[in-house]
Amino acid sequence: MCGVFGAFSASGNPVLEEVYLGLYALQHRGQESAGVAWIDGENQIRTIKGQGLVHLALNQAELSGIPASSAIGHVRYSTAGGSGLSNVQPLAANYCRGPVAIAHNGNISNASGVRRYLENRGAIFQSTTDTEVILHLMAHQPHKTELDALVDSLRKLKGAFSLAVALKDRLVAARDPWGFRPLALGKRDDVYYISSESCALDLVGAEMIRELDPGEILVIDTDGLHSLRIPVEPRRRYLCSFEFVYFARPDSLIAGQSVYQVRKELGRRLARRSPCSGNCATGMPDSGTIAAMGYAEESGLAYEKAIVRNRYSGRTFIEPTQRVRELGVRKKLNPIRELIKGQSLAVVDDSIVRGTTSRKMVELLRNYGASEIHMRISSPPVRFPCYYGIDTPTREELAAARSNEEALCAEIGADSLAYLTETDLVEAIGLPACEVCTACFSGSYMEDGEKYEELDI
Amino acid sequence: MCGVFGAFSASGNPVLEEVYLGLYALQHRGQESAGVAWIDGENQIRTIKGQGLVHLALNQAELSGIPASSAIGHVRYSTAGGSGLSNVQPLAANYCRGPVAIAHNGNISNASGVRRYLENRGAIFQSTTDTEVILHLMAHQPHKTELDALVDSLRKLKGAFSLAVALKDRLVAARDPWGFRPLALGKRDDVYYISSESCALDLVGAEMIRELDPGEILVIDTDGLHSLRIPVEPRRRYLCSFEFVYFARPDSLIAGQSVYQVRKELGRRLARRSPCSGNCATGMPDSGTIAAMGYAEESGLAYEKAIVRNRYSGRTFIEPTQRVRELGVRKKLNPIRELIKGQSLAVVDDSIVRGTTSRKMVELLRNYGASEIHMRISSPPVRFPCYYGIDTPTREELAAARSNEEALCAEIGADSLAYLTETDLVEAIGLPACEVCTACFSGSYMEDGEKYEELDI
Amino acid sequence: MCGVFGAFSASGNPVLEEVYLGLYALQHRGQESAGVAWIDGENQIRTIKGQGLVHLALNQAELSGIPASSAIGHVRYSTAGGSGLSNVQPLAANYCRGPVAIAHNGNISNASGVRRYLENRGAIFQSTTDTEVILHLMAHQPHKTELDALVDSLRKLKGAFSLAVALKDRLVAARDPWGFRPLALGKRDDVYYISSESCALDLVGAEMIRELDPGEILVIDTDGLHSLRIPVEPRRRYLCSFEFVYFARPDSLIAGQSVYQVRKELGRRLARRSPCSGNCATGMPDSGTIAAMGYAEESGLAYEKAIVRNRYSGRTFIEPTQRVRELGVRKKLNPIRELIKGQSLAVVDDSIVRGTTSRKMVELLRNYGASEIHMRISSPPVRFPCYYGIDTPTREELAAARSNEEALCAEIGADSLAYLTETDLVEAIGLPACEVCTACFSGSYMEDGEKYEELDI
Amino acid sequence: MCGVFGAFSASGNPVLEEVYLGLYALQHRGQESAGVAWIDGENQIRTIKGQGLVHLALNQAELSGIPASSAIGHVRYSTAGGSGLSNVQPLAANYCRGPVAIAHNGNISNASGVRRYLENRGAIFQSTTDTEVILHLMAHQPHKTELDALVDSLRKLKGAFSLAVALKDRLVAARDPWGFRPLALGKRDDVYYISSESCALDLVGAEMIRELDPGEILVIDTDGLHSLRIPVEPRRRYLCSFEFVYFARPDSLIAGQSVYQVRKELGRRLARRSPCSGNCATGMPDSGTIAAMGYAEESGLAYEKAIVRNRYSGRTFIEPTQRVRELGVRKKLNPIRELIKGQSLAVVDDSIVRGTTSRKMVELLRNYGASEIHMRISSPPVRFPCYYGIDTPTREELAAARSNEEALCAEIGADSLAYLTETDLVEAIGLPACEVCTACFSGSYMEDGEKYEELDI
């Protein structure tokens, strides 16, 4: 998964520190690398990129001293292309019409075919990311203005893309016609911001104006905002439901819905559909916490934060050696023995992917003396890989793809296991079913299950 | 504040990776620097130290490859001495009797006088930490065995010290006679562990055997455990109450009490003593969360996680430039607008130190549309600096030292403000009042308020 | 200026350490950056590059552990394109036919036009080097084999290029039809080497087989050597005379001539043409040393190493601050007072470029008590910039372009100044005049003085 | 071996950049590490140290911005104590009288005993260098002024020490009573300099005033120069003859003698004593070059620079892997084939230590076609280790200690081998024999061969 952020000051104020802060607020969307890009006074692209968390990859003090009034940024967790430095975004190029830099959230599902097409016309690719095809599509239309080349490039793409694009004197935001990934527009004083999530607008003190429409291309320059459309008419929308279940921050608004409130509603519906006989409800931190609160509220169980999360973990914890691993170290999560012993627990999590974490936690809770353990999952079973930007494992590795509920319950060792239904999920989100992507639960892909289709450029 | 950890394998297994993991679990006790020390096969002290969080300061893979069967570690937040690299612990020295390394949690209150005494007898100090006096006291007793020199050095010290000491073929743990800071002993298979908090024993899969007694010196060698006492008879004990209020992790046990349950009880007592008319209760993340749950439970208010904490913050966020700061960025904490608007809120925090954070949060909540804001603090007013290892500001900077409750309520802009009483605090901890240090609330210091006294060595 | 090196082991032995050693021997040809490239077992290009001297830019131990049996390397002093990391060679690309990496010594004089042509056909350039046009020319001929695409790309280029090219399973060496820069072929056991200078073949213990012909493309694969020709018929050759005067190492052979012996002959001819009345001859270290020995031998003057060069200088010495500079520090060269005082000196240097060094040295020698100073230059006056790979300043900065000999002698403060003639230079080299480039002395460029000409691709 | 440098500006000008430049000029005396130290405005010692060459270990730009008007510096090649960072000089300490920093060239031969004595009185040593005893000796005399403590510490030491010492408001230079290592005083405008060699005074544009006397302690403060004496009366002097043979730079003056001219005279005397039938004389670069010129001059042989030294080598070349080493790479030195083939050569070197270099060079010259090879050494055989600061191997490794001349000639494969006599060496230096140390040739040590003697403090 990834996050993009952009800022444009019409009156020429420096914005790179705000892009840094925006990326910091979007850190949960990608911890593998971070980068920023802008076009300097001599019309040259400048990029600063690094591996790891934002504060390690980038230097706030350095950025705050750079006089760029328009800039974009990106946090990355690799989904397409490997994790090498050449794949760290924003990607940038000087082509014959000038400089361009792109930050991309999503996954272009026909990128592979487009790349082959372009390479046979002389293109040399520098990265293995899907994003780079946009730069080469633009470069192969040298007779068009940069903006026309960009629009005509985006119409050749399928799949998910929310983009922040830096051109000379302009910042461009774009969202694919299917509306997979969110993208919001904010403003504070003379500065416009674009952000994958509204929480990052809060961080920089901006008001959210609105979210971009699917298929919208929004151009920001010193004259203000100009809106274009990608000339593709999709049959329906595919807003990612997993953003609500797990990915987005609870203080973000997506499609007008509060992620926190959706998540709590998921817990309430789960309690109605799958009650249990426990003494108290607790959540797997942090992703199951809010649904657990909804579950407790609806079911009348006591709510306890019975599992503590080391708040310094994250991507910072490498696997211990075999010898130490066998000791059963509690890397990230540690239950509180006094709250577990002799209790019957409802343990709420947002999803089960490989099943490993659930199995280990159940074992640990039993060791700590839990009498019963009821696993409650605030989404349907994840049975299908995502081709639109979320890093899911292959189908063989997905626990729910290889086992039914009963078998999986036995596998993880719980006393009971229950999921939410797809209908409950869509209703909790509050949008028509034809606007929400549930492909990872249902297998109903935009392209009807085909990952790559014929190239039509 | 600081944290110490030690491990000793009687059968010669390597333990440095476990020390790394232990420090990782104690990360909340010090984010400024981290280090480990051991004595190698040639009787040489080896130390690895670095700035910043454990995973940045130390390299887990490197440590896992080192064949040390006895080692100590330290995480530091500087309280005495500056933050330079020479002050990063463990401190180590080769003196005429051999190698010794020390990791120290606490603050030696007569260190300054001891240091002057030693310098006039030829000692050259390498750091500005209080800890270093222990090394020089040992070196000035060359006729005694290392262990005797250590014991006779500790008897000359006042104040707080929980120590992990590496000697040749021995690991020594020690706790000052007043019992300021916690120190626990654990075991797994052939390995003994000492740790500032029991949560780190959980991480490495060890069972907690017991806590060290105040004044105990515990020697671990291949023969097992041997217990000595520092020959000082204190009039009473001074276990730090602020460990329960704020510092320790909720999944730790201190003096046999669950920190989580003490913290929740603080919230309940606060609700009984200072109820309010709000719609819902929320905590300042993360330190006020558990007390807020207790407050909600006792008062019958709904509990909501209405303020989101960026889980990637920590010590990673440097102050933005003045221009950006004025924008009012939500660095670490962001309220969820949908849960705030039009609500009357009880906001629970563990303490008010300078008052800045509270004032900013109240202002932010008002901007987000809160109708009433009732601040509830789960400890008494912090009016006095700590001389025993907690980094409190000077008295002038302490909000409760310069304003009474009414004035402070106005200063932070809340509709009401209420604190817990000292009696409630001590009762919630569940120990006799004569065993708990409440100096930061009451000013009742071990030395009756004198920071440094006459040297008696 | 730059240097290239390549190695190919027919029996699959690793060669990267030998490429490292080769670059080390070619260090004098470029101290700004260094890099190596090879194609790994999965048909992926791998490059390692760095700034500064070879031993800083690359890690010998790391290279020795990589199992590449064919590899190229490059040392760079930027002449075309800036000094940024994107310009460090070897340049590499994956194009539709596969991977290719290029190391280039020389300067392609029509690169600018070719680049514009390619950008208008969709090419995105990643660097500002002239070398990159070769990669894009190849990528725009996707229907041809890699080797055909390379040959047909080189025929479109003018100017100087000695290349080492890594293709899958093949190492290719190429030399421009005009023969500007040297390129030698060596062999040891199963390994073929290509090198800018023969001294690097000595370092790796290889025998020099022969030099490449101008216009030759030499393909090395497991079947051995295959020779092709660039289908361009030049009117004459242009072997760079400045390689003999200054650039090449004295232990190299170029066009069959010993650089040491040519340089000594330059000194002898200079003595015959411009004798002087001094007591002893000395050289400006290190470039004037050998010619000074020839001058002393022919003129009968005593030879002394009267000026000492700090052997740790090089590119390591940054300019001191203004205050310190005014003190007249002897950064690189220090005369020996006892050998200077009261002496009449013939000071031999290879050339005068800006004149600054000569002026400072004359002043310093006078301060040390020299009675007379006769500057003797072992080449003709440098009056014209080089467009073929040597980093000369603009014409305005060239001392001999703005002053005649008499004026220049006054400017540098010498008692007399004399140069060698072009005829003497060519005769000392021992090749026909129509094979030697003397453009920097005579202004007779290959393109008759035009830097860039019409593009004919 | 090591080098020291110090600078003191009476009018408060910053001097650290000049110390940097001074160390740069002394680089040949130590390439392992470098450091500087000064006492700042708050009476705190500041040190900057690093591994490797001066320009890598220190940052000239950083130093030039520091307002220190008195500072010392050091370049190190470890002779006593290992090469760890704790041993990098200057060593510094804050003791009860204040700050002190020391840079030391030489080797204190009774350091081991002094250290044991001090440790038994409570001293904790931080390094394994002999130099640190001076700091602890001072700290154990807390009742004396710093200067008195320094003088009374130096009188307890035996062996070689040329020191630069930074005290508050004072720079102190000192030279041991035996005068082993050189130490010169210079001046430019308001700044006094002390330097191991006079060549570094040239670099900073200073005039040499004089050399320090053996046993002199020179105090430099704002009042000017004050001279004290170490109250020890040595029976004779021991100026190191190897400084003239090999170590010092040719442009330095030691004991009033030009190193260049002494070195040339060594070559002349070698030619008179051991002529040979060769065609030409050449030197092993760089150490044998000047003696080779003297040899050629006296013998009438032609002088050629027939062996080329890669001027980028130095400490930068790590050993290649076994496989590559067997290829016989010419790491540092490459003969010029055209000058070797069929020639009978006199090859002059300054000394033979282990014999390996000579053996390899003889083999290489034979491979290049030399008809006869006559090794001529411009010093007597090195048969004894140095205890006074030069890094010689153990006696077993010294070629001349295990073989006589005839056997050694056979071992290195030369046609003849001849050394200079000790008498010739002393006469060429031009000092009385009772003032020159020839212990490495003769075994006549200051302490009659005992490395460590009874402690008399």
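As written, the chain order gives the labels A, B, C and D, with residue 1 at the start of each chain.
Criterion: contacts are C-beta pairs under 8 Å (C-beta built on N, C-alpha and C of every residue); 3 or more make two chains touch, one makes a residue touch a chain.
For clarity, every value in this text was computed on a predicted model and none was experimentally measured.
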Those chains that touch chain C and also touch chain A are none
Would you mind checking which chain's C-alpha centre is most distant from the centre of chain A? D
Report, in whole Å, the distance between the mean C-alpha point of chain A and the mean C-alpha point of chain D. 63
Length of the line joining the C-alpha centres of chain B and chain D, rounded to whole Å: 52
Compute the distance, rounded to whole Å, between the mean C-alpha positions of chain C and chain D. 36
Sequence positions of chain B contacting 2 or more other chains: none
Interchain contacts (touch definition) - all pairs: A-B, A-C, B-D, C-D
Interfacial residue positions of chain D with respect to chain B in the complex: 93-96, 116, 118-126, 135-136, 139-140, 142
Sites on chain D touched by chain C in the complex: 13, 17-18, 21, 24-25, 27-28, 31, 53-56, 60-61, 64, 188, 199, 202-205, 249-251, 253, 258, 260-261, 286, 289-290, 293, 297, 302-305, 308, 310-314, 316-318, 320-321, 323-324, 327-331, 334-339
